[in-house]
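Look at the two complexes coming up: subunit A is in both, with subunit B in one and subunit C in the other.
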Partner chain A sequence: MAVQTVTTASASTTTSAASVDLGPATALSCRECGHRVPLGPVFACEECFGPLEIAYDFSSYEAGELRRRIEAGPSNIWRYAPLLPVPADVADKPNLNPGWTKLVKADNLARELGVTGGLYVKDDSGNPTHSFKDRVVAQALEAARAFGFTTLSCSSTGNLAGAVGAAAARAGFRSCVFIPHDLEQGKVVMAAVYGGELVGIDGNYDDVNRFCSELIGDPAGEGWGFVNVNLRPYYGEGSKTLAYEICEQLGWRLPDQLVIPIASGSQFTKIDKGLKELVQLGLVEDKPYKLFGAQAAGCSPVSVAYKAGHDVVRPQKPDTIAKSLAIGNPADGPYVLDIARRTGGAVEDVTDEEVVAGIRLLARTEGVFAETAGGVTVGVTRKLIENGLLDPSLTTVVLNTGDGLKTLDAVADQGLTATIRPSLESFREAGLG
Partner chain B sequence: MSVTVRIPTILRTYTGGQAEVSAEGANLGEVIADLEKNHTGIAARVLDDQGRLRRFVNVYVNDDDVRFEQGLETATPEGGSVSIIPAVAGGA
Partner chain C sequence: MAVQTVTTASASTTTSAASVDLGPATALSCRECGHRVPLGPVFACEECFGPLEIAYDFSSYEAGELRRRIEAGPSNIWRYAPLLPVPADVADKPNLNPGWTKLVKADNLARELGVTGGLYVKDDSGNPTHSFKDRVVAQALEAARAFGFTTLSCSSTGNLAGAVGAAAARAGFRSCVFIPHDLEQGKVVMAAVYGGELVGIDGNYDDVNRFCSELIGDPAGEGWGFVNVNLRPYYGEGSKTLAYEICEQLGWRLPDQLVIPIASGSQFTKIDKGLKELVQLGLVEDKPYKLFGAQAAGCSPVSVAYKAGHDVVRPQKPDTIAKSLAIGNPADGPYVLDIARRTGGAVEDVTDEEVVAGIRLLARTEGVFAETAGGVTVGVTRKLIENGLLDPSLTTVVLNTGDGLKTLDAVADQGLTATIRPSLESFREAGLG
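Then we have the complex of A and B:
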């Protein structure tokens, strides 16, 4: 292959667009104005700054054959490779192979919350680095390979840093990731252990994100694949696999209601995209569904905009224990508002106390230890039921996007029930028997 | 007031490939108008049809997001910097 440098949509790459094999992906299309550019490491529209999304050619797929192909695929996200921007042989490449996590039928939690229509928790703590981020990074890694990058990078609130570090280690890439300096120690350790470079920035996540956006336009960032900046159109597609899995695990059926955490809002919009694709491809029967967004009150720009009836999101300075959701200037916020309203859902927020209560409730009822983002979705689910926005008689799926071991501080005040001498007498004295 | 404006990659076709250019103006609106004089077409990329900042553009004067300040009325002190950055980055 003749390696050449081409400039398409103002991006320099070491691989020509024509040589890129990303399966059914055909181009990048602006979500705002529809302007199309060739596949490449670009993320914002050169006409209007709108987000670029993957355009696909699914025209050759027949529903029955596609379903059989998926069901015969591996027990990870690559079973959905025909619907993703990845080459057909993606499962043979070194990758963390995330996905196909448990859909827990949460009957005990349903009883506590008064849900009668079936309540499920999609537990993405079961991914290789214990958060949903492995799904999106897996897509970005394939794009990085296709575009000839050798360094994988990102701005992160912690979970993504670990996912990038691990994926880079497996794939033989250098990794250099940027995080706010004051993250939870657990997330710092879980990112650093993979041996890549981990850089703390003296600022919040939005400051880190801004820095990465500037680095990408500087010669110092040349040759770097930032999974959530210049590879963001590919990265985001990984969240569609949550929608695919939920529907397949429900027996190729759309849920009635989903409660999804909102940070940048990307996951929310891609789950909607995934659900719509399944309908368009004839893999599930079409019916209405409602998407609900969940934020922490200390970083609730989308919830505030939703409640005020606005279609733009005013940025906030985050102050919450739910640090994985602490994006004060969410890139996809306006789209979350559009989708929540279009589907008849809502966006709600809960206090840090309610987040902790949500973590404890899920752990106590279902044996699932969620990170703070999971506490947000459980807390918001309870609140939505209480205020009549979520219908307890319908099938509802609540997302837990990360493992509670990453955010131990949130529940660190909980400890021993009692300390006793190793004797039956002491056991009884403590009221335990 | 003369300021340095950092230009994102997707707008460098208007600045001859330059990542930084100088512009004049007492506030952000005036700076963008001055940019347009020297780099025709750039204002329509940054501002919408009503002359407001497009919703997927972030602009910082020195280190401050102008949406937390006075938007296009945000003062641009002599010797300061203006950064224009696509907003569609990130996802924690």
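Then we have the complex of A and C:
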């Protein structure tokens, strides 16, 4: 229990809570029992070991004025600084400034899928390191700064390693990223280029995670902010910005349906949180919305539990090309099940073949080259329409959270249409003329 | 001469000039002799074979109102639609909507290089297919639409192939892209994923180019818009948006110095054109600015000519890792020499080792992972400061035109800092604790 003790709210923080300025964030609150503790680098409740979330004071905001303030803000996530655990002057600090990615009106894809109510792709491949991870790392970085940490760290299998390395470089932090030692060369190169420490662990991702928890409890980890461990409550809030941007880009209205990839499930729960906040703040009109979760069949613990009518998630050993979603024991799985059921959504999964078909379909119809996680959401959208769970007459937003350049292998069997000599004769012979 | 005859202004166009709405564009004008012809898919003057450029009517614009109109526009290049050869409703058409990429205030890099006057990196890796090519293809696409073309085509060695494939997919055009048959697998995969025709030519890039010129003159090429051949005058204007964005992001002022990569030299000349337009329109205050060109030593025909004091450029056979800049016979080389000398700039080149060092320096200091072309501009900036040609006390903007994920090989020798067992003991043994 040593590790858990260190990371609960009773742990000492580098900077005293009184001196921490994280804007509207006032405390950490347990999602299970509601117990409150001061803002600090902790993630588990000291009472019940439930996950801690950020509590805010939004009481001074007036909807019209808040909307104008957001719209006058920068073209990145900091336009929503009044709704995030960051200081008011966050946009002036060195940060990768992710977000405000494109909401693509996907009319060609809509025709292919038979969606008549408006189909959009929220394309997070436009972020600085080309995945949604830049959003969450940006929040964790500001928390690390507030708590006086000087090293940014994480366990990762790819996207997060690059996002942490890049953010630390920009912000002048040391970085030390832990990955399984046998990752694909491309991911290693991208994570290494930012010049931080990149440590391979002789073991699998679970071993890497367990080691990071040990390191937090050790003097060697002093001054280290692990973005997805001791800074997790702040980190997670970055996913809310996806909800904010989608609604603002739709003209300050809620979509009817969202299709969201499920890895740990954190993004799914935070998008729900973000949508509810916009309603509470009066920035969008209240109306029902449905959240759909998307997994790969080779790592579908939440989908399996959803279909079986279970409230708990039975862990799986992942075996899928959608590696960025390959979390066999998703921490927020039960919350995803609850939200999907409460909103009238669902959780569905698709085979690796359907993932590849989804990548190809999105590229061919909209010119968006998604990573495997985007193939999952597109494939699941198609399947949900086919089985009648997603209503094609309603406004639907599908998330693409990463970039096809990072998972080239998935579509590498498609190459040249033809090879010809540089002559019109050869062109005609190949049936191209 | 058959090919040139077909592509000069006397060629018939698919759509009559009278029905073409390309906004403020009024005609094509020869850069050499000033001869004017109607807007059409032609690129060489029928009088002198000089390059044709877009002529505009900006006479109705008032600076204050134009600036407000731009600032109220979308977060992409179409905010500058009043200054581009596109219809006024361009933002409503299916298009990848590139641009409005980040201007990164590069304070860490500035410290390393000793720049005190403000250093910025214009990071075009944030475009939809992660290179500046999306800007130029977006213009060519609108011209293709106006001229009634149904196929979008190009010769390419990488970035352009992906940009054309993606743009055509979004816009509902057929695409047919020609590349040397032995390109790297990653570039082939990315170009193929959008589902267009991807034809390998058994030959080098020059063979590909020559074949495309033949195809334009053949009935088989009827209805084909070659973005970098018969649509080149429109295509080239996309690079002006880099100048517009840099100035607007600096608060509507000209930078003192820009460092720009040189491939064909088109981007360099169009950035100069864009800066001059902003002055003429009263959007920025007039003041001197210096334009610096950057090449790799292994393909440095313009740099060599600059240093030798020549007005003409002697072709080279490229041999450099900076493949996106590897044009041995740059069409706009003489114009680059003229502009560099007129503005008080220079043209410089760096070795492949310095290119790699430039990529690493930018990644380590600012968290921006550039392709080799970005390594060239960063390396040249350092060299220009060392040899006293670039004044570190002035505001300087360095361009990164592409994405490191597309040229991973350049930095692939850098990998893990260490490999350890998942234990604190092993962590300490490795000297990390």
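As a working rule, the second predicted complex is superposed on the first by the 417 of 433 C-alpha atoms of A that agree within 3 Å, B and C clash if a C-alpha of one lies under 4 Å from a C-alpha of the other, contacts with A are read in each partner's own complex, and residues count from 1 in each chain.
We adopt the following convention: a contact is a pair of C-beta atoms (placed from the backbone, for glycine too) under 8 Å apart; a residue touches a chain by one contact, two chains touch by 3 or more.
Because the structure is predicted, anything quoted here is derived from the model rather than measured.
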| item | value |
| --- | --- |
| Partner chain(s) touched by A:P301 [first = subunit B, second = subunit C, both, neither] | neither |
| Subunit B versus subunit C as contact partner of A:C48, first or second or both or neither | first |
| Which of subunit B and subunit C A:E214 touches, first, second, both or neither | both |
| Subunit A residues touched by each partner, larger count belonging to subunit B or subunit C | C |
| Which of subunit B and subunit C A:G345 touches, first, second, both or neither | neither |
| First, second, both or neither for A:G367, with subunit B first and subunit C second | second |
| First, second, both or neither for A:T129, with subunit B first and subunit C second | second |
| First (subunit B), second (subunit C), both or neither touched by A:G172 | second |
| Footprint overlap on subunit A, where subunit B in one structure and subunit C in the other make contact | 210, 214, 218 |
| Parts of subunit B lying in touch with subunit A, wherever the complex brings them together | 6-13, 19, 45-46, 54-58, 60, 65, 67-68, 83, 85-92 |
| Of subunit C, residues touching subunit A in the complex | 75, 94, 96-97, 100, 102, 107-108, 126, 128-130, 162, 165-170, 172, 176, 181, 185-186, 188-190, 192-195, 197-203, 207-208, 210-211, 214-215, 218, 220, 359-360, 363-369, 403-406, 408, 411-412, 414-424, 427-428, 430, 432-433 |
| In the complex with subunit B, residue positions of subunit A that touch it | 9-11, 32, 42-52, 136, 155-160, 205-206, 209-210, 212-214, 216-218, 226, 228-229, 232, 235-236, 263-264, 266-267, 312, 314-315, 324-327, 329-332, 334 |
